[in-house]
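Following this message is one structure expressed as structure tokens.
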Amino acid sequence: MSFLTAIMLIPLLGSLIVAILPKDKTKLIKQAAFATSVLVAAITIGAFVNFDSSNKADQFLQDHSWIPSIGADFSLGVDGIGMALILMAAILVPIVILAGWNESQSGKWGVKTFYILILILETMMVGVFSAEDVFLFYVFFEAMLIPVYFLIGGYGQGNRAAAAMKFLLYSLFGGLLMLAAIIGLYVISGNQTGHSFDINTLSSLTIDQSTQNFLFLGFFIAFAIKAPLWPFHTWLPDAARASTPGTSILLLGVLDKVGTYGMMRFCITLFPEATKTFTPIIIVLSVISILYGAFLAIGQKEINGLIAFTSISHFGFITLGIFSMTSQGMSGATLYMVNHGFSTAALFMVGGWMISRRGSSKIEDFGGLQRVTPIMAWCFFIAGMSALALPGLSSFVSEFLVLVGTFTRYPVAAIFGTVGIILAALYVLIVVQKSLHGPTAPGNEGMSDLNLREKVAIAPVIALLVLLGFFPKPLLDAINPAATHVMVHSGVTDPAPKAGK
Amino acid sequence: MDISNYLYLSAILFTIGAIGVVVRRNAIVVFMCVELMLNAANLAFVTFSRINGNLDGQVASFFTMVVAACEVVVGLAIIVTMYRSRRSASVDDASLLKR
Amino acid sequence: MTSSHLVYLIALPLFSSAFLILMGRKADKWGHIFATLISAAVFGVGVSEFMAMHSRAGDMRAVTQHLFSWISVGTFQVDASLLLDQLSICFVLLISGVGTLIHIYSIAYMSHDKDRRRFFAYLNFFIAAMLLLVLGDSYLNLYVGWEGVGLASYLLIGFWNQKPTYATAAKKAFVANRVGDVGLSLAIMIAFAQFGSVTFDGVKAGVHGASPAALTALGAMLLLAAAGKSAQFPLQSWLGDAMAGPTPVSALIHAATMVTAGVYLITRSNFIFDGSSTARLLVVIVGGITLLFGALIGTAKDDIKKALAASTMSQIGYMILASGLGPVGYAIAIMHLLTHGFFKAGMFLGAGSVMHGMDDEVNMRRYGAIGKVMPITFATFGLGYLAIIGVPPFAGFYSKDKIIEIAFNAGGTKGIILGGATLLGAAITAFYMTRLMVMTFAGSKRWDDKAHPHESPVLMWLPMVVLAIGSVATGFLFNSGNSLVNWLAPVLNPNNVESGSELMKPIVVSSLALLAVILGVALAVTKYRTVPVEAPEDVSIFTKVARRDLLQDAFNETVLMRPGQILTAGLVKTDYFAIDGLVRLIGAVVSGTSTFLRRIQNGYVRSYALIMVIGALALIATIWVVTL
Amino acid sequence: MLTAPVLNYSLLAPILVILGGALLGVLVEAFLSRAIRASVQLTISLGSLILAFAQLWRTHSQTSLTAAVNSVTIDGASVFFQGIILVLAFIAVLLIADQDNFAAQASAVPGSEEERAAIQSGKQQTEIFPLTLFAVAGMMLFPMANDLITLFVALEVLSLPLYLMAGLSRRRRLLSQEAALKYFLLGAFSSAFFLFGAAFLYGYSNSLTLSGISAAITGGSGNDIFLLIGISFLSVGLLFKVGAVPFHSWTPDVYQGAPTPITGFMAACTKVAAFGATLRIFYVGLAAAQWQWKPIITAIAILTMAVGAIAAIAQRDVKRALAFSSIAHAGFLLTGVLALNKAGLSASLFYLVAYGFTTLGAFGIVTLVRDSTGEVTDLNRWAGLGKKSPLISAMFVLFLLSFAGIPMTSGFIGKFSLFNAAYESGNINVVIVGVLSSAVAAFFYLRIVVLLYFTEPTSDTVTVVIPSILTRAAITVCAVVTIVLGIYPSLVLNMADTFASFLQ
């Protein structure tokens, strides 16, 4: 059995086990879910170790005929990009479960459903990052909205129903546009190579410019909503405010990466010409996202909203890197996806603990935590530092790669992007000062510091933040060939140094 | 006399029927207007049968009559129950189902 | 030449700081000792490396150590590897040496603070980051150290961040530095885009092929970075507030080492600045402005630490100016950097010692006649004082005189202006330092009886003494036989460029400088014979402005902060009303239509029939239109 | 000297069986004692449905134009349509079997002494079963009819019983009767249009058979005015039955008023039959004149999708809402008519299967949600149902998701193949509107989900009755089909492909 099958099946089985466990044995249910996810993480790491970085082709391929009459196959496989993202997802899930050990109790339907949803979601996350078949990709892309919808609506806080609805509608709208584009692609393939959804077949089609543009937009808008890119972002803050920390981590950390992942794997690979046409606009949108997100993050009065907007800013960097069409930009963007996953996870985890302890998510309700709960404060501080891409932490490597790659082709965009790092310093340090420094705010005195479970949950994340900051090589080695492959496919090469040696 | 006049006549009958359906209140009358439209169609069938010189049209008109008869049965049944339960045959009174 | 020990210089303090933080309260007992020993060990390694280097021939002196491949994407190859050459060894010794002294000093100074362990962890972290900064063999490695020291400085300025103003000061420092970092980032990007490499050697190799414009841009960005880190105009505003940190920190980070990183960056990038006269001009302008700027502020400050900070700013202005004068200047800049490292650190420790005795009073107007109760502090401080104002044969005399000299020799009106500026600076320096001395140590006691000023413990005065010796001897040491300049020449002046014109004989310059100093001192002594305890309000508009740091904060607030806040608030509204509002509008339109459609479903069978008729007619009509 | 027409009974067997069953039902209603009537009727209905299906299975591979003297065509499509109708009807009967939904004595005046007596004595008239069978017979005939007369007859045979069945609700009888009246009047009105159109097509082509009409159009000799009147009025009749805008007005009222099982039956089976006929007429008879009717049908398709999706949002009554959603689906199916290619046909076939099961399931669940006075269709009172009876709500959500076309449900595959066919035939604008209106429709379905799960129950929330074994079976089957066709659609897709052919 190939790795991918295992990684996809085990969570499903886990969810079944959870489903048959008795309702009232909540502890057992949690343990079962946690064990499953840990197992998955272990296998995924194994897969990553067995992943052959020197080989740019997709790996762990497997292909089962699914709907022959329309030529859709159940075919999986990963390139370095997909591998990296799956790895991140698989590592995050157990951490999320551990960090939010009691999240599920607050929910409407009790513990069981929560973990079933989470595990099903994990399966779909793996599927969406490893689908070799556009139809299959779309199925996962849309289907994974449902568990998230119920996770937000069923276990969140505030006006969660509205937020969940907003999230789902935005995504569905984009998804349907993408469906139209997929159909168009499918029809074209029918005329040229015979009906197929195979990504490699489709990327070899010859499509005339105008059609390419339309199809590209169909895909891109869907991904831009997911990513989310300005001005399609407004669903994200609401969702982040309404959902539990765990859900937010999976949503911003993993699901939204589907957008940026799709831009690389589908938009650019399938429509190289159209990509060239739209790149300038996208670059501009990315820069706007970077600065806009940063400014709004500064303007937030409430922790989750702040994290959401920082993410919007970071997604701006990612898209910037992708569409810079340089190996540094693309590899950097991919690495950024992974790092952002972890650093956002750290932020949401600690933020969540702070909120649940204080019973309020307003920044102004915190203060002086560094002296009340030093460990939690440290974790929050480090997470914040990685959010502002402090050198030595993982996000710096990716952010700098993105900027340097962009600079070689679009200097102006890169300069604006670089200005973003000042704003980043502001939005992180302001919240750090308000919540950790200064005199202890009323209502913070009695706060308890992290307990063992929480420490265990956050430790690996922080370790990864530091480790990947100094030694991103393994990931980069896996990513580079894939990124280069994308560029080669769309016929672009890195600009050469201006001044010869 | 030009045979196409029969077509005009049927068209006129059909129109009258249609207008009747729209303007009249009494269910029975409305229903009669529908019957009028059916007969307009019949007339058309027969006329075309004449023009085309084959009998299919006339056969069709027989079928129509039979069907119309069945319709009367069902229709009257419905209208009568309506009338019995509401003591009125006005279609405008039957407007509880809305919005 | 490679060496395998360089990594210890960074690893030791880095891990010890991590260790101390992770250990938590358990390490409170011995944490400070441990940290100090580590720092001393680092100094030991540094010295041994220096010995080894000294014993080698001039061109064999640089050693490198390759650790691991850090980032490699396409042609963007950055290794984590270290370079120790004649330039960096100076810094290594300064950082670890002064650093160790300040560790020792802090043991006593911070003895009452329950967070002393954390303080020492930070100090070690700073040492590690600063050493990485000077040891990195590429701009990107340097950048890591660069931000590292920024972080350390943030943490240490905000060490007592329960006090909101201190926390704010820390944040301010970090942000100002970030502005500089933008410069450094862009510089690295330009370097990569131009030369396809970001290592010092790689860039150096490419410089000849590069366009002057590119080099100017590169230089300008590096200068921006330097301005941020070294509190140069226009990014100087944070240094004054940075005095919120514990005094040892001010001594180590904000006087001796970190703030001079900008000078290191520029001298290290000498090959770039050699390539662009425009960039060099920018550098000297910034340096010149800052040295006067700082000096002027210094004349009006009553807070002893802020006065010293202003002086630091001005002294670094000297260094920057010198480094802007090209090959002849780099070494001089470094010399002044080193001497300044000694005497300024010494004076800060002295100030700390005074505060220690005066239970943290910083207002010099409440001092006076401290010299009698704190003889050692007075003596060491005094030596530092003599050094900074440039009295021969103290350290500052050699380094500063050299700067004034080469400034005059820059040639033409440029030379005159620069020389004049440096000379004026020297005078003002003499003035404000004398003012400081007089207000603090001389005159009559102005402190109230609650305070019981007393000499500090040995752990505190010992480092001061060492530094004092430094500020006496180093100048002579470096200057004898141009030892330092020659030592640095292979790195900073490989093709032995000599100073172009010679406007005046050195002796003339020196006497001019001395004259200026004497003027300054005399003025100060006469002006501050008596000092009112309350700062007089009826002072010249100039003094008022100088007290407010020449309005730099006011400027930043009105030009940057306020507009920024307005913009932010505006964008928040935009997001809600414009962008999200549009979406809501669409939703409203749809549901409105929906309600309308529900309404027209009015339940009257006849109107349904009518709708059908209309539909039928429409059907016919369109088909008709299409058909004909 | 006339020769007796030759009928191929073996090929007509399925429909004959149903008619036989219907007649038998009438006799049973007349002569059997009340006590056993209901069960006997049920047995007869189910039995004849199964038997008919068996017959269909026996002959499913045969094709013929002359099974009944050119008046019906036996081909892949017709077999498939009959198959779907039989299966869906079977499930519908399972729902109908829950007699509690129907008037004990339809003739009795609502609220009259007579009625109360009928209810108390448990005298339950069961004419609903033969009526259903008659309707099914008509529905089976409709898509296979090859000439205008047969089409008209079939149309009436399927409509007349439905008119009556719509009026048979036990509770809210006034509404039910009103629904019957509206359905009847408008239905008759539309069939008048149909007939008039038929007459003019005959006049144009001098033939009653679709192939003859098609030939005449290709020949182009006839009078275009006749053709145009013919096409338009014929379309009016058909579009009325499929419930396309602007001929849809009856749908919400009738769906709301009729007894819910009947609504389900209508929504599922009538759609299949009506689209069967529509597809045959347009593919076989009028394809040659497509450049005339395509624009307006396109417009109608777009209008139908949009109006159905948008109007559904503001509805407060579950059945009305579902009615509008069925209108929207009619719009989607019209894109299949527009495609005019094999893909379009097979896509429509699949879609009808998927849609039919989902619809029956949804209405089946509606029958279960009640309070003391019977079914509750007011959406606001469904609030918080998810807490009360999670399983039922979950199933309902499943059906809604399928309506919305979320992947892993049958609705998605159906939508995909339909849009694909439309795109291939070049009707891209329809596809665009289709996706957009799906997005709007999604909002409406989600609204219900929110209502079920995320809204706190109001005081007078309803209860879900324990479903009878038959109802349970019906709903379960629908749910299973909905999921299976979503995950492994090949089962039906391949079948649809093989059967998707019209015999000219």
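Just so it is clear, A, B, C and D label the chains in written order, and each chain counts residues from 1 on its own.
The rule is short, and it goes like this: contacts are C-beta pairs under 8 Å (C-beta built on N, C-alpha and C of every residue); 3 or more make two chains touch, one makes a residue touch a chain.
Just so we're clear, the structure is a prediction, and the values are computed from it rather than from any experiment.
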- prompt: Can you name the chain that lies farthest from subunit D, using the mean of each chain's Cα atoms as its centre?
  reply: C
Geometric centre: closest chain by C-alpha means: A
- prompt: Quick one: subunit B and subunit C, Cα centre-to-centre, how many Å?
  reply: 97
Message: Using Cα averages as centroids, what's the distance between subunit A and subunit C in whole Å?
response: 37
Field: Whole-Å gap separating subunit A and subunit B, where each centre is the average of the chain's CA atoms
entry: 65
- prompt: From the C-alpha centre of subunit B to that of subunit D, how far is it in Å?
  reply: 25
- line: subunit D touches at least 2 other chains through residues 181-182, 185, 189, 193, 252-253, 443
Field: Residues of subunit A engaged with two or more neighbouring chains
entry: none
Field: Residues of subunit B whose C-beta touches two or more other chains
entry: 18, 21, 30, 91, 94-99
Field: Pairs of chains, among all present, that meet the touch criterion
entry: A-C, A-D, B-C, B-D, C-D
- prompt: Considering the complex alone, what residue numbers of subunit B touch subunit C?
  reply: 18, 21-25, 30, 91-92, 94-99
- prompt: Where on subunit D does subunit B make contact in their complex?
  reply: 106-107, 109-110, 148-149, 152-153, 156, 160, 163-164, 167, 173-175, 177-182, 184-185, 188-189, 191-193, 195-196, 198-200, 202-203, 206-208, 252-253, 256-257, 316
Task: Please give the residue numbers of subunit A that touch subunit D in the complex, ascending.
output: 66-70, 108-109, 138-140, 142-143, 145-146, 150, 153-154, 160-161, 164-165, 168-169, 172-173, 176-177, 179-180, 183-184, 186-187, 190
- prompt: Quick one: in the complex, what on subunit D touches subunit A?
  reply: 387, 390, 401, 404, 406-408, 412-413, 416-417, 419-420, 423-424, 428, 431-432, 435-436, 438-439, 442-443, 446-447, 450, 453-455, 488-490, 493-494, 497
Message: Looking at the complex, which residues from subunit C come into contact with subunit D?
response: 590-591, 593-595, 597-598, 601, 603, 605, 607-609, 611-612, 614-616, 618-620, 622-624, 626-627
